[in-house]
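Below: one structure in structure tokens.
Order as written gives the chain letters A, B and C; numbering starts at 1 within each chain.
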Amino acid sequence: MSTKIEAQELKEKDPMYSLGRKHVLDLDDFSSEELETIFSSADAMAEVMSRDIKKVPSLRGKIIMTLFYEPSTRTRVSFEQAGKVLSADVINLAASASSSTKGESLINTTRTLEAMGADVVVVRHPHSGAPYLMARYCDRLRVINAGDGRHAHPTQGLVDLYTVRQHLGDVSGKKVVIVGDITHSRVARSNLWGLLAMGARVTLSGPATMIPMDLLENSGTYSKNNNKGIGDIEIDTNLDRAIDSADIVMALRLQLERQELSLFPTIREYCKYWQVNETRLAKAKQNVLVMHPGPINEGIEITSAVAHGIHSRIKDQVKNGVAIRMALLQELLLPKTGDDV
Amino acid sequence: MNIPSKQPMRIMDEESLDRALTRIAHEICETSIGINSLVLLGVHTRGVPLARRIARKIELSESVVVPVGSLDIGLYRDDLSAGYSPSLKASKIPELTNKRVVIVDDVLFTGRTIRAAMDAIIDFGRPQVIQLAVVVDRGHRELPIKPDYVGKNIPTSVDQKIRVALTEIDTFDAVELKEDIE
Amino acid sequence: MNKPIVIRGATVVDPAGPVLLKAQITVDEGKILAVKEGSADSVHEDAIIIDADNLTLSPGFVDLHAHLREPGFEDKETIATGTKAGVAGGFTTLCAMPNTNPATDSAAVVEFIVQQAKKAGNSRVYPIGCVTKGRHGIELAELRELFDSGVVAFSDDGTPVWDSHIMQMALLYSREFGVPVTDHCEDLQLNQGWVVHEGWVSSRLGLPGYPSSGEESMVARNIALAELTGGQLHLAHLSTAGSVDLVRLAKARGLRVTAEVTPQHLTMSEEWVLGSETADHTQALTTGAYDSFAKVNPPLRTKKDAAALLDGLKDGTIDAIATDHAPHCQTDKEVTMQDAAVGFSVLETAFASLMGLVHKGYLDLETLIQRLTTGPVSVLGKQFAELASLNPGTPADLVIFDTNEQWIVDPDKFYSKGKNTPLQGKTMTGKVKLAMVDGKIVHNDIESGGFG
């Protein structure tokens, strides 16, 4: 039997819920208003996290399942913590503990989780697009993408955008430099869409081998009209030039095994030209923010001095991880009425 | 009184609202518990400026600075049909343990918001007493909750809407009654 | 024992002659007896009469490239189901690719395939033999014996003959056979881990890409080796504009090089993977994105590539349309893009897809029929000319189709076991109504009232 489901209108708009969406698969379809809703909610969640009693009942009775086919510490833990602080039941399924090793397809696993009453599944998968496949087979279940292959990591993107917003307020018109292996970075992709939605100017830097061919040649076609103006993408493989007057510098983790694929000749050469260090940072704006999605190879893509220096917002990124995921779960799972009662 | 109309009917104007708040401020001060340990907690959104106004009045008459907090009950709603403010606001709560806490809100209706507010307060500490001040009590309670201080009792039908407009948010002060005939 | 068959009223499109209107075609003893324009002479009273008013008749289609999966992968397709799908799609001859298990690298497997095809009694099946033993690319298969047992080409399809020396030897060894060495042109170093075409869609989706150069470098290598050896080279499923240019150049220099293109590479582009043919850079993805049913090897390329392939098809650079029918089980496809099997079930949609090009005015019907009949036969060699002929005395392999009938693709109705098509739910125009092999009706979708 053919069971392929016709392409659905995405991320099926659901006016009953606070965010007009069913799934969170990437940031590419988030409006700046939607981002603002989550950020404002995250402020409230940050307050909850500062209490002695870190527990509120808002998601009581909701079941959140995390399904990780790749190892992860901080993303999974921050989702688990977020769910628990909001009183949801969080069930962690490790890939080894799930039936994928017994050959069960992702689709059947999705159907099983839905049948077991999960309200939302938080999935990480080494293959780009896996959450989209799951979403096609969900009836009531919602899917949150916690990282798929090299495609997207929308919640890390939200964390980064929220951290930027905390320090700069309006991101519109700000220059953001993302440096590293863009091709293989799901964080870079998600940040890109979020930053464009908020009207930032994004410059991607790194060796040409680490920038998708299409972006190298056609970056202009990705610029996105939006109500805050026009977000732009520029490519500049010369970091010394790209970093000039930057408001934000995001360094990406260098996957050291990529050297075997000849994406860069040596770590030494990579550091020489693309490391975020104090000398380079001096060319950016005086109050530049330095960010890194973690885990960091200190002394490689970023020096220790910069990673722990006054410009670094890396600790805030970690801290904001829980509040953002709380906000996302809350806004995704709870209906709104808007009326006073 | 219940004349169907698209135009809201003005129940209180700026002056009568101010008088009601002054009276509430006095009543809060007149109880035997005293105001030394008093904390006012405004419920988002309109309870917050109301709490500030009451605190100001107490400060003027008693020369005591009363701590004011703000409370978003969005995370404490009792079920899916309860009001969930589309954008959650961060709560700002002063020390509550062993304090006399007065919850301040604009309209008291089913009582569910206040139930949620009490749950929230208990997560922050153990007040000596919790009281409730509202500008309008419109009836139709669904929980055993009774206000300690009321600006005005306004009998309504369930379909009607009460709106407390405040300069801080709405650019003018008034209480209006509206038929829900949208 | 067989009664004569008379087909009346059809428009005849035969690459060997002019278009005939309202023609009458008489078939007897499995052979074409006569093809005449205008209404009939007297008809034998026992004859079966097929009323083909408003329908078009041509020689049966010949597919140089079909995966029938048997032996070894009978869950995906069998020779019986594949050939039934073939005739339903108008293909009266299928050349069966050797990536079976065991691979078609011995006379025994060739014999098995021929026997299975006879038993099924649908289309003709000509096996293609392996270039290398087990398709491992290490040592030559017994090419001479394979040729003597009846293979019509050699190929390691599914994988390229990646060792240039082996390819050189295969072309040289077989140059006198009069059958081609068909290479699946893919540079395995440039294509590591590929899932889709290297382009804007791969960038957007974060999927490893297969650049056009991954095909073109192998096309260029093969052409150089054809020149070196004088061997007969056929290039499978070209997918890029650069490949077309290379072949055009090779033909201009008189090399023995032929090429094929699939309906999918002519009519579809990389955007199909997004679940929306019209998606562009600025749009958000939908849940329809990452459509593993649109994953194929070579991958769907750009719209420019498709246009260049069409130009190559029209000017004769590309000799034939071949389906690369690649049936798979749903479980091979309903997985992530990276895990998904490559290929489409094509036989039953090919003609309608191609008629789409005709209806849009991109291709004329005569050229289309030529590339489905005498085009592929010319790749196989003169000895196969009868497969695509309506000349009196030749075997009656023919197809009747309605160029205007509209239908919706429902894979559940496919005869093929492979329900894997990205065209599910699409409305197509053009339908095969009847197919005949050796004078025997092997597929009939004409209203029963058509029989006299």
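FYI, a residue touches a chain if its C-beta (ideal position, glycine included) is under 8 Å from a C-beta of that chain, and two chains touch if they have at least 3 such contacts.
Fair warning: this is a prediction, and the values are worked out from it, not measured in the lab.
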Highest-count interface - the chain pair sharing the most C-beta contacts: A-C
Taking each chain's C-alpha mean as its centre, the one farthest from chain A: C
Chain nearest the overall C-alpha centroid of the shown protein atoms: A
Cα-centroid distance, chain B relative to chain C, in whole angstrom: 76
Chain A and chain B: spacing of chain centres that average the CA atoms, whole Å: 39
Separation of mean Cα positions, chain C and chain A [Å, integer]: 44
Complex contacts: residues of chain B adjacent to chain A: 72, 74-77, 80-92, 106-107, 109-110, 112-113, 119-120, 123-124
Touch list for chain A against partner chain B, complex: 18, 36-37, 40-41, 43-48, 51, 53, 55-58, 86, 327, 330, 334-341
In the complex with chain C, residue positions of chain A that touch it: 1-4, 6-12, 23, 25-26, 28-29, 105-107, 125, 127-130, 132-133, 135-136, 148-152, 186, 189, 212-215, 218, 221-225
Of chain C, residues touching chain A in the complex: 195, 198-200, 202-207, 209, 211, 275-276, 280-282, 284-293, 330-331, 333-339, 410-412, 419, 424-425
